[in-house]
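Structures given as structure tokens follow.
Common to both upcoming complexes is chain A, partnered first by chain B, then by chain C.
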Partner chain A sequence: MGTRYIWFIAPAVIVTVAIIIFPWMFTIYMSLHDWQVTGARTFIGLDNYVSAFADRRFIAAIWRTGLYAVFSVTLPVILGTAAATVFHHEFPLRGLLRGIFIMPMMATPVAVALVWAMMFHPQLGVLNYLLKSVGLPPSLWVYSPNTVLPALAMVETWQWTPLVMLIVLGGLATLPVEPYESARIDGAQPWQTFVYITLPLVMPVILVAVVLRTIDALKAFDLIFTITQGGPGTASETLNIYLYLKAFSFYQIGQASAIVVIFFVMIVALSLGALALRERTRWT
Partner chain B sequence: MDVMQAVGPSVAPLRSLSPWPRLRAQARRGLILGVAVFILVMPALFVFLWMLSLALKPDVENTAYPPIFIPRSPTLDSFRQILDGSPIGRYTMNSAVVAGGSTLIALILGVPAGYGIAKSQQRGMLGFVLIARMTPALSYLIPWFIMFRAIGLNNTLTALVITHLVIGLPVVIWVMVGFFDGLPRDLEEAAAVDGASPWQAFWHVALPLGRPGIVVASLLAFIFSWNNFIFAVVLAGRETRTLPVLVFNTLTFERLAFGPLAAAAILVTLPVLIVTVLVQRQIVVGMTAGAVKS
Partner chain C sequence: MATHETAPSTKSRRRLFAQAAALVGMTGGLAACGGETAPAAAPTTAPAAAPTAAAAATKPAAAPTTAPAAAAGGGFDWKKYKGESLSVLLVTSPRADVLTKNQKEFEELTGIKVEADVVPEQQQRQKTVIEFTSGNPSFDITQISLHVQKSLVGKGKWMLDLNPLLKDASMTTPDLAFDDFGKPSVSYSTQSDGRMDTMPNNLDFWILYYNKEIFEKKGLKPPQTHDELVAAAKAIHDPKGGMYGFAARGLKNANVPVWTGLLHGWGADTLDPKDMSLKTTTDEAIAAATLYKELLSKYSPEGVAGFNWNECQTAFMQGTVGLWYDGIGFATPLEDATKSKVVGKVGYILTPKGPKAQHAAMFGDGIGITNASKKKGPAWLYLQWATNKANQARLLSSGGGSPARQSAYTSPDATKNLTVPKEWFDTLVASTKVGRPGLPEIIPVTEFRDIFGVALTNMISGADPKAELTKATEEFKPVLEKSIKG
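Our next item is the complex of A and B:
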């Protein structure tokens, strides 16, 4: 059975090897060299890795990436799950409203980042006006090192809550009916039904959303690069932004490659950890 | 199955024969639901309407305080400024060629692959697709940048089409595996009994049936390629930039020109938004394919 379909799969595999696997190998190779875009390249072993961990800016970028990821995983997962329970109901215009709700994740990231950048403007931006009109003090948003990461995570949440919603909504659609009938007979309150039946049943699906969100939050680039380019100063310089500067502003290809390898190992480790967690929830 | 409706209020009629408490409970539930939906849709609606408002207002209104929400003297000047004053025509062509070309190649490679994976149950291949999704785009970009430089492909649309396969191919394979998995097996088995080769069964039976899946896969692959920014930033030259790069460049040079900035943003993302709302059902199916099952 297996070999009959090999010619269906082979072309895609060959292309994948050429555009994904080979670049990885090449990255590892480059990470072991002192590699400038022009000029000599010399083999230096693990020196690039050693100097990466000695670089304060790199360590700071790791912490920032982690902080940014915590915000931009937790908020979309909570809000997306809540949104899914709402969209799981029947109501008029549901299709259209769901379409509007998922617009942020389909829209061109650079374009929406640009609109947010304008809304964040401390004097002319509409956000501070909205804060003021409900009696809250204005914020410097992305213009202050203290608020820039939460402000960016807010945009990320706005953009990616819909994806979590869609995934959890898909999970809700597959739930069995029986537990709900028993709950009704036992006279359970709606919130009890939600906490004790719905939530445990969709937990595996929510964890899929957590994994996807974690990967995407760690990889975030377009939003941060468009709105702050890592600033003010280096206050929003996450790993991806640091990596971009290293490779394409300073052209330190060898060092950047070492950081890519470290970054990738971190992402895979986190994803595998989350997937292991998911396997465990299946038994409970 | 409706979670909220399944519990609570439907017990009430047993205690009271009057329909009023039940209707009132229904009305209250409807109101809560309505408010919840409004709160959910508001942030998306606000940002996109604000984008439209900024693009249609003259400069004086855009810098007014308190902000003017509904344009008092709407104008298309900002759009005119972008259409006349920037190479948007060329960039649109570039975006269309790159997104169209990479989607087409992704379909040619990915639809048969999705079929093969679904039929032979080679689930390991899907892990491959997942890893491609996990990898930060920058980690491809550094080796590609070096390699394309070496073979003289930097600053060409060919380089962009090739690199955008990284976006399109996993999407196509992912959606198509989910789709072909759901097709009934009888038809192809009948074809096999009639002496059709796997290739003939694919071409004459599975492909026509798979058309809805192919539509979803191509839409998603095209949109994600159209939206992509980072590949073009690094690999494109002056002549081969795509639309997101144009938007980004407008930003850096005219930080405070709210109107033209918003107009550029709208021109780039409006086609995507229209498609999203029109085919939201299919997008929902495509985006959640696999996520729920696997």
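Our next item is the complex of A and C:
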């Protein structure tokens, strides 16, 4: 009787093993080897992990990845929540404006990156033209090691603020009306209502957006690679860019696999932390 | 009123972990990140051709053992494999354009159907290595960037040695005229063990482009030496007026040929092929890096540290840059009135002479048959057609490259149909006489370019050339040693 159910879960188990478990096991296996693309493979234990942590470029890439994630999560979450609050209220043409607002999210990241790369050009780009036309000094944007990360985060913010807005807007739509009625009767100001009622109630939803954005920001690749390829120098070389170089330019498959495993552990730890935080803020 | 849940239960902790794992799963498998989104890389490459004594002298490759194809007869038949089909992997480039545009000619000649896949350079390089590693590549024929992939492909023995086919009269057309290929280009296509695993196809020489209109206004002459190059860049440079003296690649990796090209002016290279020792901290290497730093930090557009060839090309085409140092294959877009503001105003000259020598940095590509292909016969016919005299002449007249065949340079058809200025052609011919490999022939050439590329980019931001080259050399040395041992 009991074994009959095995056939129902078998497809899911097979797919999970084939596309998640096996690749991961094989990645871990490769990370324990000096793996050459020309065929030679030598078991070297944890040497790839040791050399990764002794590699200044790897450590710098971790720091840069964190910094990029902070920029790319904070700004969309703040702006997206603000936009959701606005779009939660009724006003003329709300549907049309909401549709326009979410358009960046629908564009292909590589196409977005190529367009922004042209806009960032220090001499010929439209961004410096706009800055100059309002009397501001031009910027080097992605062409300077000092401004490249904030400039890239600006593109992420432009593209992904609409996603946060949609998530938070969904959360706002589910909020109970009673607390707002009570607050109004008690004479609460709109700002007080927002800070003391709306934000705490919608916080679990915002944290979902934070988790999703964090994962997206940590694994960001296409945008950075298309615009800067990790440059100037290594100024925008995040872990994924470094990992890509190791695997597909240097063909150091073992070392690249070790970086993947380390990155995996970091993402699991961060996700657990964020989800634990969400549990703590959840209303029951 | 709802209550706040303050601590998750054991059950919810388990659920947390499951959720986290699922979320991580949603990231799509980090091992697979990458590839498909990369933009096309710079056309840094080009192998090939003419009588470059310097190139021949610096090549570690063994002397080509190839004999010209057997004399006429021998049962050769273009229709031998009629009805077969071939899968060809090409790099997006003028070379690929020539082959795909005229593909029907081959299909009619042989009755073989060709499916050509044209992929941007960077992705093509990765695709070939990944597919070769799989042991079952999806293509029968592929282009190979000799300055990047030659050593790796040679070590893996992934490509078919063409020498036996060249000697087989039943397989090789009598009018192949193998002697027509310049010795340096044949040497470039030949591995150190004597295997020739690609047919020579194209060489790419680096030249200096200059804006004649700006030079005339400033009363300047085209620079013939490094000193004149700096002086001209300085005279033109006026950033407040939107004019810049010089442009070249500052982006790491892409920028290394600029440095090695300047280094040739001292008659030097970055590697001694005899003992495979690095020559990257010599006085000459430091002097070339100092010159690179001066040109790019003082006389180039702001932000040049992030410039690849396309940013340089755009700036030059807008008429805002006086001099541009890069590969020879940009004449076509520069002379295209729909894209360029400098049509008819571009001067093409040899890489200026350095304190000790004058060379043109040389890169190249060949085209070969995969060892795993089950259609080696049809594939060999394709190679013979792809590198025949007509296609090599077409390549030259399109202005998209420097053919490996010497006859192309004397072909009336090629010169008559030139779509770019004659000055470009003259500079190309002159470059073939002073060509010198622009990158060392080593397996980890991409790491070489990456590590020294970062050092060069740092110099643009003010770092000391000697300190940066020393640091980069220390970083790269173990990589090179490992590749030699391994």
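Here is the rule we go by: the second predicted complex is superposed on the first by the 270 of 284 C-alpha atoms of A that agree within 3 Å, B and C clash if a C-alpha of one lies under 4 Å from a C-alpha of the other, contacts with A are read in each partner's own complex, and residues count from 1 in each chain.
In this section, contacts are C-beta pairs under 8 Å (C-beta built on N, C-alpha and C of every residue); 3 or more make two chains touch, one makes a residue touch a chain.
All values derive from a computational prediction rather than experimental measurement.
> Going by the contact rule stated at the top, is it chain B or chain C that touches a larger number of residues on chain A?
Of chain B and chain C, B contacts more residues of chain A.
> Please indicate which partner A:59 is in contact with in the superposed arrangement: first for chain B, second for chain C, both, or neither.
After superposition on chain A, A:59 lies in contact with neither partner.
> Between chain B (first) and chain C (second), which, if any, makes contact with A:50: first, second, both or neither?
It touches nothing on chain B or chain C.
> Going by the contact rule set out at the top, does A:36 touch chain B (first), chain C (second), both, or neither?
A:36 sits against chain C, while chain B stays out of touch.
> Could you look at A:142 and tell me whether it touches chain B, chain C, both or neither (first, second, both, neither)?
A:142: touches chain C, not chain B.
> Quick check on the superposed pair: does A:221 touch chain B, chain C, both, or neither? Answer first, second, both or neither.
both
> Once the shared chain is lined up, is A:260 touching chain B (first), chain C (second), both, or neither of them?
both
> Is A:97 touching anything from chain B or chain C once the two structures are fitted on A? First, second, both or neither.
It touches chain B, and chain C stays clear.
> Could you tell me if A:195 is touching chain B, chain C, both of them or neither one (first, second, both, neither)?
A:195: touches no partner chain.
> Both chain B and chain C contact which residues of chain A?
Looking at chain A, the two contact sets intersect at 19-20, 23-24, 27, 37, 109-110, 114, 123-124, 215, 218-219, 221-222, 225-226, 240, 243-244, 247-248, 257, 260, 263-264, 267-268, 271.
> Any idea which chain C residues touch chain A in the complex?
1-8, 12, 16-17, 19-21, 23-35, 37-39, 126, 129-130, 132-133, 152, 155-156, 242, 250-253, 301-307, 311, 314-315, 318, 320, 444, 446-447, 450, 454, 457-458, 460-461, 486
> Touching chain B in the complex: which residues of chain A?
For chain A paired with chain B, touching residues are 1-2, 4-9, 11-13, 15-16, 19-20, 22-24, 26-27, 30, 37, 83, 85-91, 95-104, 106-112, 114-119, 123-124, 126, 129, 158, 162-163, 166-167, 169-172, 174-175, 177, 180-181, 183-184, 187-190, 193-194, 198, 205, 208-209, 212, 215, 218-219, 221-222, 225-226, 240, 243-244, 247-248, 253, 256-257, 260, 263-264, 267-268, 271.
> Provide the residue numbers of chain A that touch chain C in the complex, in ascending order.
Within the complex, chain A touches chain C at residues 19-20, 23-24, 27, 36-40, 109-110, 114, 121-124, 138, 140-145, 148, 179, 211, 215, 218-219, 221-222, 225-226, 228-234, 240, 243-245, 247-251, 257, 260, 263-264, 267-268, 271-272, 275-276, 279-284.
> Where on chain B does chain A make contact in their complex?
Result: residues 1-8, 10-11, 30, 33-34, 36-37, 40-41, 43-45, 47-48, 50-51, 54, 62-63, 65-67, 109-110, 112-113, 115-117, 119-120, 122, 125, 128, 131-147, 149, 162-163, 165-166, 169, 173, 198-199, 202, 223, 226-227, 229-230, 234, 243-244, 247-248, 250-251, 256, 258, 261-262, 264-266, 268-269, 272-273, 275-278, 280-281, 283-284, 287-288, 291-292, 294 of chain B touch chain A.
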